[in-house]
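A, B, C and D are the chain letters, set down in written order, and residue numbers restart from 1 in every chain.
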Amino acid sequence: MSEVKIEKLCKSYGPIDVLKDIDLTVEDGSFVVLVGPSGCGKSTLLRSIAGLEPVTSGTINIGGKQVNDLPPAQREIAMVFQSYALYPHKNVYDNMAFGLKFARTPKAEIDQRVSEAARILQLEPLLKRRPRELSGGQRQRVAIGRAIVRKPQVFLFDEPLSNLDAALRINTRVEIAKLHRLLKATIVYVTHDQVEAMTLADKIVVMNAGRVEQTGRPLDLYYRPANKFVAGFIGSPAMNFIDATVAKKDYLEFGSGVNLSLPLPKSCKVGERVTLGIRPEHIQFGARAKIQLDGKIDIIERLGEIGYAHVALPNGQTIVAQVNGEPNVGNGQTVSLALSSQQIHIFGEDGTTLTA
Amino acid sequence: MAKETDASLMGMSRANYMRLLAFFLAPAVIVYSVFSIYPLLATIFNSLYLRQTDGSYIFNGVGNFGTLLTDTTWSVSFWNAMKNNFIFFLIHMCVQNPIGIALAALLSLPQLKFRAAYRTLIFMPTMLSVVIIGFTWQLILSPLWGISKMLLQSVGLGALFAPWLGQESTALITVSLISVWQFVGIPMILIYTALLAIPDELVDAATVDGLNQFQTFFFVKLPLIIPAIGLVSVLTFVNNFNAFDLIYAMKGALAGPNYSSDIMGTLFYRTFFGNQLQLGDASMGSTIATMMFLIILVGVMVYLFVIQRRIQRYSF
Amino acid sequence: MNVRKHASAFAVHAVLLAYTALALAPIILVIMNSFKERKAIFGSPLKPPSPSTFSLIGYDKVFGDSSIASYYINSITVTGGTIFFTLLFGSMAAWALAEYKFRWNTLLAIFLSIGIMVPIRLGSVALIQLIAQLNLINTLTALILVYVAQNIPLAVFILSEFIGQIPKDLREAARCDGLSEYNIFFHIILPLLRPAMATVAVFTMIPVWNDLWFPLLLAPAGGKQTITLGIQQFLGQYITDWNSVLSALSTAIIPVLILYVIFSRQLIRGLTSGAVK
Amino acid sequence: MLKLSLKTLLLAAVAVAASASVASAGKLTIESWRNDDAAIWKDKIIPAFMAKHPDITVEFTPTAPKEYNAALNAKLAGGTAGDIITCRPFDASLELYNKGFLASVNDLGSMKNFSDVAKSAWTTDDGKTTFCVPMGSVIHGFIYNKDIFAELKLTEPKTEEEFLATLDAIKKDGKYVPLVLGTNDQWEAATMGFQNIGPNYWKGEEGRKALIDGTGKLTDKSYVDAFTALAKWSPYMGDGYKAQTYPDSQNLFGLGKGAIYAAGSWDISTFRGQKVNMGAFKAPPPAGSKDCYISDHTDIGIGMNAKTPNAADAKVFLDWIGSEEFAGIFANALPGFFPLSNAKVTISDDVAQTFVGWRGECKSTIRNSYQILSRGTPNLENEMWNVSAQVLNGAMKPEAAAAQLEDGLKKWYKPHQ
């Protein structure tokens, strides 16, 4: 049972609060991704779990045992670092065996564990090499191997793919996903890349400014963001946001005569300032629809099968709409955009999602 | 060095290109050749001549070196100075550099408070002139002023006090330790820089691997700063075989008692410039200087071609 | 864990504090006693000056010897001149070696690096004769020339490493803009070299300011003594007068310490080539 | 700035160099190691000369004693030395004369005021040319603190036996350091120790000359005895005397913490400055000796830079140095340096008078290592410093010390081979 349970975790450097009241449960065998912009505290949270950062208050439980006062080595965790942090003066075998030696593991067992990890990661031919004789992807695998041999309850990954090039990143992402299934390991994974988060996670934790903004399964976050921050962070290209005023019941004014009649959550009050959010992929061209905005195309980026049109609204705002191969739209053209009413999000002035 | 640019690339005439090179290179090369290389060569040249009792010089080939190394008139002093110089060097290697490394290790600990203040203050003696340092310590160790005796007595070790600077068995060690005290800042700073270059994540990785701070230092950091330690060692060697000021300031040109603190630098000074009734001897002085030159050269070569090649350098 | 952590932090500070005290005590002792009267210096050397033992008599004598001020000016001139010419000549040569292709490039680089390994001091014998022939004995020019020659190799070494790190694009862009090679160096490269120059300046300054050897050989008199030599000679003169001795030592120490404390951050950064955290 | 060519740079460098060279006619500069006496030269000696010769300006520019030889040699070689050169005795100055740096002073009128003995320290081996005007000699002996002697009811010792008894008495009392002398700087051990008491053993000039012509050896009983006498001092020297420097010794006695100080006469002015109530006694001869001997060493002379542009003025100055007037000023301004001229000089300082008074009671000699014997390698004077310090430190037996000196001399000096 290797569950990670974090309660009321706070951390501050002097007057600066880096982590504020974090509650988080990582179920046994699950893959949890901490995601958020840089400086949001996700790495600090991971390092707190690892025991590399002392916490100010709150508790951390791993496998049902409170580990707040345990040094990293006794927490039964293993960590894969962003820069891999391989010992440059040791070969691949020794890098993997190093921690075990210090834990006074019998030599035979070290051998057995290292060769098993090497087999899983296809590192066998590289065992005698030094880190500098390895490619980036190979180093990455050694770093993971070093984690595996520890047989930890929890794997901690700190942006492990950010030093790889785009192609390798996708490959390794898949390998990590496979590895997770193979090892049935509990994983806490930090990244700032929402695509990684979406593809890998059983559960995503979106963090911002030291707080957990929302926790949930990837698609839950995509379809039901709790607030404007999560809505904007998850999904690519990002969700369009248009500021509006509730002029009357179910009626939004965007300024310069741009208005929209649509069903609004009941909690909306007349005169309230809100933000309408809609993802580019939920906008259609030309179709006559109930909820529709007119604008002029500034520029279209075509990626092949799909494209993105940047459309200027009469009130000066630009929104991005997905173009699904329509060949007849072009720059400078005036178009009508149909918004799918199920996919419209309305956020209150404080950014929280207003629900019906 | 593929990045160098040549004349054709810049569309310059050959004459203009030479003028360009001369403009940039001549000042440095001229000053360096005239005031550094020429004197070194001339010294080697001088060492081939012999001073006659009437003050004139005759050509003697490498005879001076034979005299210096084998004729007991000179060789006793020479080997004594050589031995003392090695002791001087060994004390620096075994005391100064380990202390420097230890201080650097402490200073590079994460989350250390007052790091900058410690670093600044510990480096302070290195800033001061050897003359001042030598004199200051002479006062402190002086049996007349009695400061060190008082200090020892205050911790109940008064009986340990001795005129360390005046005893044959302790003079050299005492002077060496004073030099160590002054210059410990240099290995400290160089090693500290090397330690800073080690990525934090590597230390974190070691922590996760279950190493405590001592083990992290010995098994992770230390192997990685070996190149810096090698550099510090060769610097120590060159500086120690060049040392002169401190011993001259504290023990005079005769480096007593009974030449027990005599090193190559003082022997050279005394021989070349003379002392009291001893007249300066330019040729034997040059011979000693040339020997120092050779010793340093051998040391540096050993470092460059034997030690440095075996040292593995790591990029992080 | 917390207790253990505090205990180890305490131990670290205890060690560092102890060493800092060891490093500073002799200096403090000298400065403190220089403000005391003779009897108190000998009677209670470890006590700070009190109103009854306070005395400036030593300083009167030191500053009565008006040459102390000129010694300082000599030292500043020599150190400043050395740093200036070392940086100018050194960066010019470093640039040529790093940037231009010519037949003797590598050989010249090796030639210049001899000076890093072998100290010029061993050539003192011939150097004196040379300086004498040039009629430069007892001039600050002699010292500056020798120090510049002594420091050029290291300067070239550090600066050419640094020039190698300046993006090639920058020079190419300048060439495309039609700048002459001279202008590229003086207007583009030189300003970019500032951090490396700070390092070279520090490595040059400390030994030059503190050197006793060459002032002793090349400019031992004629009012051209540097402060280090001047103090050494002053000590010789007033050796039994401890008020003067301690005041002279303090006079030599204090300005250096003040400058050091003001600039220590830059200085240490220079020494660590910018790697200070 | 960019037009600045290499040529301009070089021109600038030459200009800087040229402006630095010195040329000061009409003004005499004196090179000296006597930085202790700078004030006396400036306030007393030079004004007295300039009162007579208002057209000649004189400046005294001393160098620290430790660096004097090296600095002077460099300056002479570089042509930047002063017009007047203060001369060390014997070979150091002879070397300068041989190299053509010092001019002959044979033709100076005042040279007739000096005896051959006085001139010997600055005369060529053939005795034909003198190159420095003898200025002063120093006498060795012991200075004691009168107050301490009064307190402990002691009297001046007359013999070696009494001397040791006196030291014993002071040691027993325990309040004062009996004999103030340190061995850190080494030279005091030889100069204030060995050369101070030695002449009584080797019979002054007789022994000294025998060493030079080879009839005497340093292993002779007289030298071993001198070292043996020296070795007896150790128990009476201050705590930590092995690390005690010369200035330490001066301070120790100057502060009234020591009773007897092994002295050179030049120390008188130092202790006058520290207001010590002092007296002096000469080196106590060993039991059974009929005559007494003192070390009265020709220590300081003054000559002319052969390349001076102000030769005429310099000669006027040197002639005045040889005069009776200078002898009077010098002797009284610097009690402890005794003029070498035949002129009758009254010395007002009572301790200095005591010192000079010994000339009438005992036979004078100079230090035995100075003439000729320190010309080769190993250097006898250096060796003497070394072994004397070791004997006092208890690190060497007197016989071994004497043997080492003789061995060294034997290596290069024909008459001893």
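Quick note on the criterion: a residue touches a chain if its C-beta (ideal position, glycine included) is under 8 Å from a C-beta of that chain, and two chains touch if they have at least 3 such contacts.
Note that the structure is a prediction, hence the values are computed from the model and not measured.
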A-B compared against B-D, more contacting pairs: B-D
Most widely separated chain from subunit C, with each centre as the mean of CA atoms: A
Separation of subunit A from subunit D, taking each centre as the mean of its C-alpha atoms, in whole Å: 89
Subunit A-subunit C separation of Cα centroids, rounded to whole Å: 54
Distance between chain centroids, defined by C-alpha means - subunit A, subunit B (Å): 56
Interchain centroid distance [CA atoms averaged], subunit B/subunit D, Å: 36
Overlap residues in subunit C, where contacts from two or more other chains coincide: 42, 129, 182, 232
Sequence positions of subunit B contacting 2 or more other chains: 23, 27
Subunit D, residues touching no fewer than two other chains: 66, 70, 251
Interface residues, subunit B side, partner subunit C - complex: 1, 3-7, 10, 17, 20-21, 23-25, 27-29, 31-32, 34-43, 45-46, 99, 103, 106-107, 109, 112-116, 118-133, 135-137, 139-140, 145-147, 150-151, 181, 184, 189-190, 192-193, 196-197, 213, 238, 242, 244-245, 248-249, 272, 282, 285-286, 289-290, 292-293, 296-297, 300
Complex contact set, residues of subunit C against subunit D: 42, 128-129, 131-141, 180, 182-183, 186, 216-218, 220-222, 232-233, 236-237, 239-240, 242
Residue numbers on subunit A that touch subunit B, as the complex places them: 47, 50-52, 71-74, 77-79, 81-83, 85-89, 98-99, 102-103, 132, 146
Residues of subunit C that touch subunit B when the two form their complex: 8, 12-13, 15-16, 19-20, 22-24, 26-27, 29-30, 41-42, 45-46, 85, 88-90, 92-93, 95-102, 105-106, 108, 111-112, 114-115, 117-127, 129-130, 145-146, 148-150, 152-153, 156, 164, 168, 171, 175, 181-182, 185, 206, 209-210, 212-213, 228, 231-232, 235, 245-246, 249, 252-253, 256-257, 260-261, 264-265, 268, 271-273, 275-277
Footprint of subunit A on subunit B - complex, ascending: 199, 201-202, 204-211, 215, 219-220, 223-224, 312, 314-316
